[in-house]
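You will see two complexes here that share chain A, one where it goes with chain B and one where it goes with chain C.
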Partner chain A sequence: MTRDELKEHILKKYDGLLTPLETGVFDLMCEVKPANLTKVARMLYDDEQLKFDFLNNIAGVDTGEQFEVVYSLSSISNNLRLDFKLVLSYDQAVIDSVKDIWTAADWHEREIWELYGIDINNHDNLKRFLLPDDWDQGYPMRKDWDAPDFVRMPEL
Partner chain B sequence: MAELRTEEFLVNMGPHHPSTHGVCRLILTMDGEKVVAIEPVIGYLHRAIEKICENRTYPQCTPLMDRFEYVTAMATEHVYALAVEKLAGLEVPERAEYLRVIMVELNRIASHLIFWGVTAMDVGAYTPFLYGLREREDIMDLFEITCGQRLTYNYIRIGGVSKDIPPEFVPKCREFVKMMWSKFSDYEGLLNGNPIFLGRMKDIGVLTPEAAIAYGASGPVLRASGVKYDVRRNDPYSVYDKFDFEIPTQPNGDCYDRFIQRLDEMKESLKIIEQALDNLPEGDIKCKVKPKLKPPEGEVYSRIESARGEMGVYIRSDGTTKPMRVKLRGSSYNHLMLVPEISTDVLIADVVAIFATLDIIMPEVDR
Partner chain C sequence: MGLIKKVPVYAEHVPGGGFVATQLESVLSHAQACSMWYLLFATACCAIELMCTGASRYDFDRLGMIFRPTPRQADLIIAAGTITKKMAPRLRRLYDQMAEPRYVIAMGGCTIRGGPFYYDSYAVEKGIDHIVPVDIYIPGCPPRPESLLEGCLHLQKKVKAQKLADWHEK
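What follows is the complex of A and B.
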């Protein structure tokens, strides 16, 4: 299945759930409403034509205006790649866990919780791990967080 | 006679334990000699590379990538360069792609040689470590005459490579390939049939294909469990679609299979290097890249097959000279998640073997 065929399949079968975006420069990038996350994830996993069984990566992004959580998936059996993202406002930074579908999500979600302060529902293992245990200086990957001795590089 | 009272107890392994290959702490819950549960504690090497990248221009991030995974630093530079090239729409000259493939495959062999030696040392055999480092030294020399560095190369740059190979590189590299082919009979004769070694490795830490996929295991770990999946073949990047090589797999997914898998993969890397040397085209080694590189707005998740498995980088560009977000995905991150899953009901000594055969290195986990 090529990228265009995948897009067609998604437009037909996932109408309203997955919205293809133009920002993905290589693989297909879609948007998912945070409320539909677990439903869409389960559908992508169970769909016989797609079968996205492999979670490559979850990346949190702070754009300066909102949070985004980007999921990268691939299918081992059908050899496909797909990215989708959730857009979250700062005051409603909560997502559902997809750990039940892809076990690999465990630590990726834990990292987003720790470094961005995005809350994860239904995750039983939210403990600090990259930062020191007694860390109390906020969420370091947010754009408004700077280290105490930080010097911003001048724009070239 | 009254029943003896028993209870579980904790054993703290690490952070500075020689078998944890870096700084990783494992909290083992023990029932007598058997491991009941493991909790990995990480973060000792967290250097916030991703945050530092957000304050640097795209070319300035390349040296940081070397520090992300320093055992195969060429692969890390490669995945980052590929991602930025996709974002900025750069066409890399063919000669540069061939040079990249040669360097990455040499680096893969160097990494597998360390794996082979260190794994054997972790289970009590010292000789392979010396043999492995002896051959690795030749690869380091090849890198040194090319870019002047032996560990953090900063060789693969956005748009190509930093400099062309010197004239003596190709004959030296052919000599190395020839020498390396002759070593496998030694390597395989040293340990592969040794009853003590087999006792330590066979049927220990069995990873089923289903669990491997669910946990996001990749590379040699995934293939040792019988799943034939290699990014070089399934999602070809660079010039890997021009080479003829096999994807070896193993049937059982235990420690022994993961050990053999790397030996098999070294041979495939040698085949790729031979073909790349034979077909190395003439031409430029770098395309024109603006000094103030500003990729248009967009995002990409780019992935390659590194020595440890799938290495990926997600880059988000907002149209300025600095990336808005760089997220690094190391395969060791997922493999460390696997350790508690496959090390139940084993001895502490088996945990060492499992940890070694997953080939986890900690800078890739903590970033």
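What follows is the complex of A and C.
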């Protein structure tokens, strides 16, 4: 299945759940509503024609206006790639866990929770992960984060 | 080693004692400077240069510098690489476990002032002199083996210039 065929398939079968975005030559990127996350994830995993059985990565993004959470999926058996992202507002920064679909999501979600302060529903292992154990300075990957010894790159 | 420190004090009262004290001083500091065993503490890419310096081409061993895997056997800690805030307490702990007299070499830009991670980093300690007292700073990113050898020669000079009475005053 080529990238265009994948797009066709998604438009046909996942109408309203996955919205393909224009991403040029890169892997197909779609947008998903946060409320539909677990449903879409389960469908992509179970779909016989796609079978996205491998979660490459979950990335958090702070654009300065909103949070985005980007999921990168691979299908080992069908040789496919797909990315999709959730858009979250700052005051509604909550997502559902996909840990029970892809086990790899465990650490990625912990990392996002720790560095961005995005809350994860139904995740039973949310505890300090990468930061020092006595860290009390908030969420360092947020755009507006600051600390006494934090030095911002000066504008050149 | 408290006894050695008292040698100059008592030697003064004995005829020829001053001579013995200074000779002892030079012998001891020469021995110490020429057997600087360093702790393997390599946290980033400076480690590659450190390993290269230890290998046959540059040959650290001819300065009497042999790596030790435990702080209990080390006189010197060469901090080779970025020290993150999470790593900092561990570095301090290793330093505390070393027997005195002990020395620290800060190798590379990261250990001096955070290096390329000075700006926009929440994770990197901006200089290891916030954590442990540093004897020699070796700039570079990473420093070439020649720089590291030069730094070690400077450390030897520093150790050889030590007076008995100043031992363990660090």
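Note that in this section the second predicted complex is superposed on the first by the 146 of 156 C-alpha atoms of A that agree within 3 Å, B and C clash if a C-alpha of one lies under 4 Å from a C-alpha of the other, contacts with A are read in each partner's own complex, and residues count from 1 in each chain.
Assume a residue touches a chain if its C-beta (ideal position, glycine included) is under 8 Å from a C-beta of that chain, and two chains touch if they have at least 3 such contacts.
Quick caveat: nothing in here was measured; it's all calculated off a predicted structure.
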>> Taking the superposition on A as described, I'd like to know which of chain B and chain C A:25 touches: first, second, both or neither.
In response: first
>> Looking at A:140, would you say it contacts chain B, chain C, both, or neither? Reply first, second, both or neither.
In response: both
>> Once chain A of both complexes is superposed, is A:45 in touch with chain B (first), chain C (second), both, or neither?
In response: neither
> After lining up the shared chain so the two structures overlap, which partner does A:57 touch, if you call chain B first and chain C second: first, second, both or neither?
Replying inline: first
> First (chain B), second (chain C), both or neither: which does A:132 touch?
Replying inline: both
> Looking at the overlay, what does A:152 touch: chain B (first), chain C (second), both, or neither?
Replying inline: both
> For chain A, which side has the bigger count of touched residues, chain B or chain C?
Replying inline: B
>> Quick check for you: in the superposed arrangement, does A:79 touch first (chain B), second (chain C), both or neither?
In response: first
> Shared contact residues on chain A for chain B and chain C?
Replying inline: 131-132, 140-141, 150, 152-153
> Hey, which residues of chain C end up touching chain A in the complex?
Replying inline: 85-86, 89, 118-123, 126
> So in the complex, which bits of chain B are touching chain A?
Replying inline: 41-43, 46, 48, 50-51, 55-57, 86-87, 89, 211, 213-216, 227, 229, 234-235, 292, 297-303, 310, 312, 314, 316, 318, 320-322, 324-325, 327, 329, 333-334, 337, 366
> Of all residues in chain A, which touch chain B in the complex?
Replying inline: 23-27, 29, 53-57, 59-63, 70, 72, 74, 76, 79, 81, 83, 102-104, 106-107, 128-132, 140-141, 150, 152-153, 155-156
> Within the complex, which stretch of chain A touches chain C?
Replying inline: 131-132, 137, 140-141, 145, 147, 149-154
